[in-house]
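In what follows, subunit A forms one complex with subunit B and a second complex with subunit C.
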Partner chain A sequence: MPRIRPSALIKAYRDNPLLPLLLKECRTLGSARNELRWLREHALRTSQTRTRQQPNPTTPLAEWKMHLISMCRQRSRGYPLQYILGDQPFGDLEILCRPGVLIPRPDTESYVVQAAKLVEQMATASERSSTSTDKNDPKPLRILDLCTGTGCITLLLHALLSPRFEHLRVMGIDISSKALSLARKNLDHNLQQGLLTHRASTDIQFHRADVLGFPPGADGGDDADGIPNVEKILSEYFDQPGETEMSEAPLNLEPGCDLLISNPPYISSSDFRNGTTARSVRLFEPKLALVPPLPPQFQQSPNPTPTPTSAMGDVRPEDIFYRRILELSYKLRTKVTVLECGDIKQAERVIEMHNFMAPGQDRFQDPFDVQVWPNNEQDMAFYGFHHNEGSRCVIIQRGVRSSDSK
Partner chain B sequence: MSQLRSIPRALKLPLTKLQTPLQHRPFTQTHSTHGKKPLPPRLKLDDSDLSVAYLKGTGPGGQKINKTNSAVQISHKPTGIVIKCQATRSQSQNHKIARSLLADRVEAHLKGDQSPSRVSIKAEAARKKKASKVKKARRKYWGLEGESAELEGEEGGGDDGEVLDADSLAGESEDGVGGRRVEEGEVQEVESRKGLKDTKDESV
Partner chain C sequence: MLQCGRFMRQPLRFSLQPFLRRTLHTGVSPVLLTRARLLAAEHAKLSSRLADSFDAKIAKRAGELAPSAAILKEWDNANESISELKALLEDPETDAELHTLATEDLETSREALPSLSDRLKKSLIPRHPFADLPCLVEIRPGAGGDEAGLFAYEMMRMYMTLCSRKGLRPTILKQDVEDGPSEDRLLEAVIEVEADGAYDILRTESGVHRVQRVPATETKGRTHTSAVSVMVLPSFPESGSASDNALNFDDPTSDYYIDPQEVRVEKMRAGGAGGQHVNKTESAIRLTHIPTNTVVSMQDERSQHANRRTAWQMLRAKIAEARQEAREQELVQLRRGAMGGVAKMGREIRFSRCTDHRSGITLHNLDDVLAGGDGLESVMESVRTWISDREVEAMVAEELAKAEEQEKKEKKEKGQNKK
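Presenting the complex of A and B:
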């Protein structure tokens, strides 16, 4: 990271003595100014509510200024702004953020909006094609969000899709009980704020489960913590039990899930340490949500250099979630699968994995349409993506003729 | 000069004694009548004329970084007006603010200065408000030369909030008190009129 020029620090100091503190983390004067404004608003708001509750004899002015200074100090050490302020806007929602749970990113917001768009397009297309067999469609739209964290994806999808779909069932799954309690809090919070319709309380469910769920025999210790395997939860939730598909699935099975979306941990352990991952993220956000755990065969070796074994099927340690999620996606016969990836290369690896793993009979029956998104200049400019750096998502659609998708 | 000075000095003594009744004196607000009229409806912009961009900044994205940049930039292609807004942390909120500001700008641009547009009405109201404030301040402190230096300094600081002036942005965000969100957005917008170059230059 290039050092901040002293002249820039002096300029910032003349502007406001607190700005150099923020500049340490923000790196640009513009964003430091913005953060200072938001922090000041927060300090004033909290001091106002506090004085209203219990009028303080001492001057409130000094109090909020002290608060502001301490917040700026925290920020200069890299403590995330969202943990200081307590929330982060996500679409039109307000997502509460607490230490120990990953902060929602704007990239993820773009993917959710795109996923919602695709689901709506798909619904209009199927309505047009099946007007004759229309029976008022009592079947709900089923959405599954794996590794939900704050619940941001689950909640935003409900907010975006509930006007269009009368019957909606959204389930968020996470392994961390801290994340799940925050996700439930977020559901209540957004209901209270009127940002979600009251239907959300019945349509949305959060469950604790281990998505990775290594076979219990191989891993012994970890799975004996009482965390249910994800397939058990899914088989109870979706109509079809997980086991039947393992051998042979009936060919004309109804899709069990309309949208499977996930922002799993995807940072490799080397990227986590070599400076690619920002200090603020590395130090203050949960590693559980960022770096996938090493599978058992890697844990035993002292130096975790990825030597792909045949059992792993050439999967890198940072990609293990995708393999598992793709597996689940085929089992549930998901119509649309949306997976956030760290960069284009990882997205391409996921597609390769899909090409290798996709069940042959399905591929023949209803072809998959696979793409990395955003893939055109227009979308990238609109959502602010860099043309070759930064995150991407893989979108896999089932049963879409390639002519339809283009 | 000596005559002028002697009058306030004579006034000063009784005033300090009568401080309590003076505090209860109802102040008249001349500018309040101007702001009551409803503003004309905002110009509707055609979506096809706009190009929107959510600015995220470059470099690695996703989970690896946690940028707090939420700026939204909208440009109106026919007139070439560009508005950038980063008033709030929410992109959707910034989008709405930027859009309404852009509508005002485009209207002012198309109608010119002759016919009253939203912008010109607002600017006029702001101008009158400031003029009346300055006038009052002058009347109040006229001749109190001993204290005038400090008092005018304070008065100046308070004024910054009302003026749509890019240079006062620093002062505005310094002294700004809560509940002035929209105005801050507007100030932001004026700043942004200087273009993207500014924000790029600032990177260190």
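Presenting the complex of A and C:
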């Protein structure tokens, strides 16, 4: 990290004595100034509500200033602004942020918007090709969000797609109970603010499950620590009740899933330590949401249930979530899969993995369309991506050209 | 020096204009009368058609014409009664009692006539294309350094209070202050006024506002002169809400359409790791409309999404205003300089007086003006009258030019016929 020039610090100090504190984390004067403004507004707002609750005539002015100073000190230690202010805008939504749950990133916002666009395009295309009888079919649009965290993706997808789709079911899954309770709180919060339609409360579900957990075998599907297995949850969710409930081949289902989207942990343990990951993220955001766990017992112990991917050999430890999610995506016969990746290289590895793993007969029946997004100048400029650095997402679409072959 | 750009483009004119250029037109010029008759005839035709079958477009047009038609009728009635009364007076058989009554009636009718013709003229002015829209008010200090920034800040507060007092729902979209310890030196501010028709109300405020006073920052008691430019821009509704409207900016055939290809988007972000690796709070965005080199930057909101939306709103507003102005300029050209357009002249504040050089009004209760009170409203009202007078003049000039052309054509045709 380049050193901040003393002259810049002095200039910042002359502007406002609190600016140098913020400059430590923000690195540029412009963004430090913006943060100071947001913090000041927050301090004023909280002091106003506090004085309204219990009027305190003695120096209410100093109180908010003290609050502001302490917030700036926190920020200078790298404590995330979103945890201080308590929320982060995400699309048109207001997502509450609490320590222990990953803060939504603007990159993810772009991926969600793009995913919603693709789903809408897909629906328009199928409406055009299908006969009118399909329109009366109340089959809902099904969306699955794995590793949901604050629930930001789930909620924003509902906000974006609910005007178009009358029947919509979105499920968010996470392993962390802290994240899940925050996700539910976010659902209520955005309903209260009127940012989500009242339908959201019935359309959206959050479930606790271990995405990495392996298919239900001898142990009955639950992990040792009582976290339900993701496949069990999914089979209950996607199966029509009463139909092949715990069959031999779970999840080999026709209805399937329309959109599977995920922002799983994808940072390698070396990138977490070597400075690629920002200090603020490393120190204050949950490692659980950032770095995938090392699976030593999986690689060494004799595997009771051989997965179809075990032949693939070495998957990098930071990519293990993608393998698992791709597997689930094939099982659910997902139409669109959107996976956030740390950089272009990781995205390319995911595509390679997909090419290796994609079920052969599916590939023949309805070809997959795979792309790394954003891949053109216009999208990159519009959403503000660097042309070769920063995050990317992999979009896998099934049977884009299948409508005429069938 | 960027903020001086607009200021330079619209050079200050020290007002040596006559105090009140507004002249009292007692009569309605024949060209305007023919125009009024045409409009009334159109209105009658449309209403009869509406009686048969309803059509939203026709109803809208008829609604626009209704006031002119109604006033023309009133005006006709007044003229008729005057001529009748005159006839009555001239008639030698009228008895004395009736004679006095008629004289009284004639007087009242004559008194009513000028205001009627005034109203008739104003109803003939074509409505401003943006009149029904909400608006954005952009305030930038011009020459004058710190003092200009201070004054710009005061102006911003002034418009905020004025708008909230009138219930126009103002919000500050952007407020850039100068580097430094104080918060009251503005670099640029944008106020969004959400109420429909706010554009028409605040349109009088576009222009350069000069201030001459001893600023609060002055230690030696010298007088400073500085200037602040105010732009009132139309604020377009979100896309989709106005599909049949001519102002629909998504429609490539619309006059106010902006091709997204011509806009360069810059989110000021550097390279390096992204996604989960970092948690940047930077949300600034900058749009450049390449053909006109119009730049808009936004950084006030924490959400990039919100900043992007506001930036687009600003860009659209600026370009639409520029295009509208260009069109007005063309009209002026057509009139062959017979009439200037509505000049964006300014208002001047000197010590404790506020003078508007357009309407020529001078107020002495400056504090009330700067507090956004009734004083400001009376200034705005006077400017509004001034603008509509200018528009009437322009309209007369235009109609005259049209009539002249018509005559020439007819003469030519006659000449050809003779041959």
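The rule we apply is simple: the second predicted complex is superposed on the first by the 357 of 406 C-alpha atoms of A that agree within 3 Å, B and C clash if a C-alpha of one lies under 4 Å from a C-alpha of the other, contacts with A are read in each partner's own complex, and residues count from 1 in each chain.
One rule holds for everything that comes next: a residue touches a chain if its C-beta (ideal position, glycine included) is under 8 Å from a C-beta of that chain, and two chains touch if they have at least 3 such contacts.
Computed from a predicted structure; not experimentally measured.
Superposition of the two complexes onto subunit A shows a clash between subunit B and subunit C.
In the superposition on chain A, contact is made by A:Leu102 with both subunit B and subunit C. Once the two complexes are overlaid on the shared chain, A:Gly194 sits clear of subunit B and of subunit C alike. When both complexes are overlaid on chain A, the residue A:Phe382 reaches subunit B and subunit C alike. Within the superposed three-chain model, A:Gly360 lies out of touch with both subunit B and subunit C [touch as defined at top].
Look at A:Pro6: by the touch rule set out above, it reaches neither subunit B nor subunit C.
In the superposition on chain A, A:Leu290 contacts both subunit B and subunit C.
Listed for subunit C are the stretches 363-371, 381-389 or 399-407, of which 363-371 clashes with subunit B, judged after superposition on chain A. Taken together, the two complexes place residues 15-16, 26, 28, 30-31, 34-35, 38, 80-82, 88-89, 91-92, 102-103, 105-109, 263, 265-267, 271, 276-278, 280-281, 285, 289-290, 340-343, 381-386, 389-391 of subunit A in contact with subunit B and also with subunit C. Interface of subunit B with subunit A (complex): residues 51-70, 86, 88-93, 170, 173-174, 176-178, 184, 198-199, 202-204. On the subunit C side of its complex with subunit A, the touching residues are 179-181, 264-267, 269-285, 299-306. Those residues of subunit A that touch subunit C in the shared complex are 11, 14-16, 26, 28, 30-31, 34-35, 38, 80-82, 88-92, 102-103, 105-109, 263, 265-267, 271, 276-278, 280-281, 285, 289-290, 340-343, 381-386, 388-391.
Residue ranges on subunit A touching subunit B, taken from their complex, read 2, 4-5, 8, 15-16, 23, 26-31, 33-38, 40-41, 44-45, 48, 80-82, 85, 88-89, 91-92, 102-103, 105-110, 263, 265-267, 271, 276-278, 280-281, 285, 289-290, 340-343, 381-386, 389-391.
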